[in-house]
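Both of the next two complexes hold subunit A, though its partner changes from subunit B to subunit C.
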Partner chain A sequence: MKLSKLSAPTLLLLPAFIVLAVFIVLPLMFSLYSSFTPFRLTKPDTLWVFIGFRNYVNVLTNAEFWVAFGRTVLLLTIALNAEMLLGLGLALLVNKATRGQRILRTAMMFPMMFSPVLVGFQFKFLFNDNIGFVNNALQSLGLTDRAIPWLIDGNLALFSIIVAEVWSSTAVFAILILAGLLAMPKDPVEAAHVDGCTPWQTFRYVTWPYLMPFAFIAMTIRSLDVARAYDIVKIMTDGGPAKRTELLWTLVGRTAYGDARMGLANAMAYVAILLSIVFTVYFFRKLAAARQQIGAEW
Partner chain B sequence: MAPVTLRKLVKRYGALEVVHGIDLEVKDREFIALVGPSGCGKSTTLRMIAGLEEVSGGAIEIGGRKVNDLPPRARNISMVFQSYALYPHMTVAENMGFSLKIAGRSADEIKTRVDEAAAILDLGHLLERRPSQLSGGQRQRVAMGRAIVRQPDVFLFDEPLSNLDAKLRTQVRTEIKKLHARMQATMIYVTHDQVEAMTLSDRIVIMRDGHIEQVGTPEDVFRRPATKFVAGFIGSPPMNMEEAVLTDGKLAFTTGASLPVPPRFRSSLREGQKVTFGLRPDDIYPSGHGLHAGDADAVHELELPVTITEPLGNETLVFTQFNGRDWVSRMLNPRPLRSGEKMRMSLDLSRAHIFDGETGKALAG
Partner chain C sequence: MDTNASHRLRRRLLKAAHFVGLFLAMAVICLPGLWIVLSSLRPTVEIMAKPPVWIPETLSLDAYRAMFSGAGQGGVPVWDYFRNSLIVSVTSTVIALAIGLSGGYAFARYRFKAKSAIFLGFMLTRAVPGIALSLPLFMLYARTGIIDTHFSLILTYVALNVPFTIWLIDGFFRQVPKDLAEAAQIDGCTPWQAFWQVEFPLAGPGIASAGIFAFLTSWNEYALASQITRSVNSKTLPVGLLDYTAEFTIDWRGMCALAVVMIVPALTLTFIIQKHLVSGLTFGAVKG
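Presenting the complex of A and B:
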């Protein structure tokens, strides 16, 4: 077949299709295929053994997987809500600032500028039970006289991870909500004051509905982020102690590269991606509804 | 009963003072318009009455109660904004009933009062729509409905018609007038449009640079403007005005032309006094085409060339050249005119205005 026989549109689209196919579609197909094999990195031959849905059955009947799945959803729920509340508070405060608002806005974004790996190391140090800043501070203030095992106790470890997550990413909410506040027309707020609203009622009935779409955009971004949480956890606890902070992707990572069971890990990854898709669809629906509510023209 | 009183009201933004200690008594159930050019402080004054701006000095009383430090919600007022300021996420009915919901009224009462207001403003068929689905005129009617439902002591309007096209503006203006007749509430209306102020209000407050120039009925401010500024601001087309000096018992203009001193000012002007002479377009007309015959003694006739004409159907605005500039005159029962045509013009000097050349204040005749 000669190239010249192809129509112009096909010809023009071809490079894009080729690039997409080589770099995205083929690897994706390959990983999907491998999730139907018992592929182990240490035994390349296993790649050619087709075992149907056995990996998926294994994953879905594996208690360890479901615990990690549940813990990821828990982390997502707590972290997103905490970030949302803190981000909202931060945005409202910064919005009130009549001077130095630019500096505050910039300062607010500092945590986002650090690599999650470094954030992980930093919090690992802060929460260290012997030399950590947190215990040191608590003991100096006389709030406790024992060393609290932040990263050693299972529940406390998850809590510590959540604190690190929240610290590093509250700014996402704060920035987006602040953008909403800055774009918001002042008149409806004034109308609400005249209509008899207290400051709280004004926020509840007028300001918040206007900010909701912005909060949902932040939720969508962050739910994808947290659902693939890996780096901070890897550094701080590496899923420990005794797998008490194992999340979906640390489990996938361990299965793939620690145990070398690539086929099984791929099956897990596909199930995990479903979780992300579900969250994204959920928040997008919310976003669309909220946008329609305020009659947004964007 | 809710008269509104402003006492020595001052507004400052930092070192910049924008309202300079104004005094005003708005009577109960009165419709008063604050009018003036942009930046004269009229909106700021209204927003201080609403409680949306802090008062820097002086006092505001609503119904005899000092409200300076009360938040807007404690003042029992309603406000209609230029931009409508509707709540975008609520339906028309929810927008209108919002203040009652906040006040904790029953759903039945809210519905009754919203329906009443909707009937007054012909909004019944739009109650379930959202503001984004309404036209500008409809949105402004909803904003008025929201104000009515609250049954406030005082209605405040901040340039409510500015965002509407000319035709709608006239229509909504009539509705506001009907509304005042029906509601029997005190209304304070801010506008930069003198026609709105004249047509709607019982009294007009003309503001300039943070001061009140004059307070009076539409008739007052039109017939007896207190200052040169008011004379120029009220009336369309505006009053013809010219600087003059009293020389040899005549008003001598800078270019050499002159006019006799209007009879009622003959005793009060002194030789050499600098004044501004003013005559409304209604009081200068092609002879035989005037609004009123006037005091025959006071009518001064001149032969003047026509520069341009603006036919309006039942009348024509005729621009004639006098003293080196165009003077506007109103010609009733018009006939076609040619540019350059010489016309015999009647100047009804009994209706002339004379202002002090220095202070701009009207001189008593």
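Presenting the complex of A and C:
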């Protein structure tokens, strides 16, 4: 009787609300609470000791944390920009192809089907300094006579991880931008041509504004699970060598399960969550603005 | 005449450059996967050989035979992991789809207060990094004693999949004109009948691809599974992949073979849905 008083959309959204509240929001509240305690897995009693903001102070004054934070932001910036540019390039290339478009489009989706764990494993194999494809190829071609320590040198390891990340996610951008190209009306481009625009001008002022919403959809989807990079890093280097590839997420994992310091790890996790949320909200708003700009009916 | 010739040359060069660029891009995309497949078929000696052996001399299915011959060879119970993955993925997909169906329909068909805020809120729950979410879930599941069971994993994946399922299904229902259901109701259908007999079949292929997408997310998930699964009872394939590195040395061939086993279902399913997936994500702005 009371149920029927609720409006239809409320009723329809109720299951989703309940599931998300119970399995995402509630656990997060719990972890918020435990981030104010010195909780250690090995000492259950510590869950009931309240220590205020001490964990957060610890985290925010910890140099190791800030290094990992900076590295995460750096990695995301480089990776997302590279994915965007490469995805755009790939979409334009495929769109220009006159034959075999269907096959090309299917092949383009290939990396998307790989789970991050597989991507990590695959690149760990390819970049192995001893038996990896990359070193073997370089040595066989005579480009280098010694083995390049891709995953053993700190900077090269970060580079290798970025390569893996870009390989796996460029497809998201390429596919959605290609969808935009296919849906685009041909007249404005032709009009620009007639009016004497150079190819670059046509692209910059006619094609690109039209593609923007699609690029932002891709960005939004990517921002929803940027933390997938955890899987890749975990497999490829596990934060090593000597913590030179430690990201926010691997640091959280190590503090929680390696050192069993759950309270501290939860405080770190909250910083990671905030980072993700800021990211997602930013792109959602961009997405909404871009949609209004082209005035399409959504 | 001269300008004509140079123009033609330029066009031909551009065409060649386009072809080379496309070829290189496709090579970079496809080669790593093919290399894994090839490595799974080669004897370990050849993988480890120095200087490298480029043309394989012998190909065999030994790695696959060893993997599926039970826990004896190599000690990795692939069958159990495969069964766990399948049970968890299928069950969580079905539940997530049911919930996503009702939620997505609400977003596509009704106007209500704070609609976009609620939508954004749903998406934000998806943005929580898996490893960050795994901490409280690990503690809660350990307390309630449902850690290392299919049950806990299924519930987690349902929550993980609901936001994105809603996004996709919302997009698919928007492509179905509102008038159709109204016309059906004027013709005497109840709203319930109108939904199941008119709107649902029209959005059907899209909903199926939302389901496949949810399935793949569960099938591939690692960050959460690696913490809430502990043993053969509930370990899934992505977690099982690490069994090969647990020892001091890595069994590259075995890992490659397991990787192929993991990727084949994903590959097949993605081919089926690729068209619908794109149109769902772009809210029907595209006719693919």
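The working rule: the second predicted complex is superposed on the first by the 271 of 298 C-alpha atoms of A that agree within 3 Å, B and C clash if a C-alpha of one lies under 4 Å from a C-alpha of the other, contacts with A are read in each partner's own complex, and residues count from 1 in each chain.
Keep in mind that, in the parts below, contacts are C-beta pairs under 8 Å (C-beta built on N, C-alpha and C of every residue); 3 or more make two chains touch, one makes a residue touch a chain.
Please read all numbers here as calculations on a predicted model, not as lab measurements.
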Superposed partners subunit B and subunit C on subunit A - clash or fit: fit
Which superposed partner A:209 touches (first subunit B, second subunit C, both, neither): first
Subunit B versus subunit C as contact partner of A:223, first or second or both or neither: second
Which partner, subunit B or subunit C, touches more subunit A residues: C
Centroid geometry (CA): angle subunit B/subunit A/subunit C, rounded to a multiple of 10 degrees: 80
First (subunit B), second (subunit C), both or neither touched by A:194: first
Touched partner set for A:59, first subunit B, second subunit C, both or neither: neither
Partner chain(s) touched by A:265 [first = subunit B, second = subunit C, both, neither]: second
Overlay on shared chain A, then closest C-alpha pair between subunit B and subunit C (Å): 8
Shared subunit A surface residues [contacts with subunit B and with subunit C]: 296
Contacting residues of subunit B [partner subunit A, same complex]: 50-52, 71-73, 77-79, 81, 83-89, 98-99, 102-103, 130-132, 146, 150, 156
Subunit A - residues contacting subunit C, complex: 7-10, 12-13, 15-16, 19-20, 22-25, 27-28, 30-31, 34, 89-90, 93-94, 96-97, 104-118, 121-123, 125-126, 130-131, 133, 136, 139-140, 167, 171, 175-176, 179-180, 182-183, 213-214, 217, 220-221, 223-228, 230-231, 234-235, 249-250, 252-253, 256-257, 262, 265-266, 269-270, 272-273, 276-277, 279-281, 284, 288, 296, 298
Interface residues, subunit C side, partner subunit A - complex: 18, 21-22, 25-26, 28-30, 32-33, 35-36, 39, 47-48, 50-52, 54, 98-100, 102-103, 105-106, 110, 112, 116, 118, 120, 122-140, 155-156, 158-159, 162-164, 166, 174, 216, 219-223, 226-227, 238, 241-242, 252, 255-256, 259, 262-263, 266-267, 270-271, 274, 278-279, 281-283, 285-288
Of all residues in subunit A, those that touch subunit B in their complex: 185, 187-188, 190-198, 201, 205-206, 209-210, 293-297
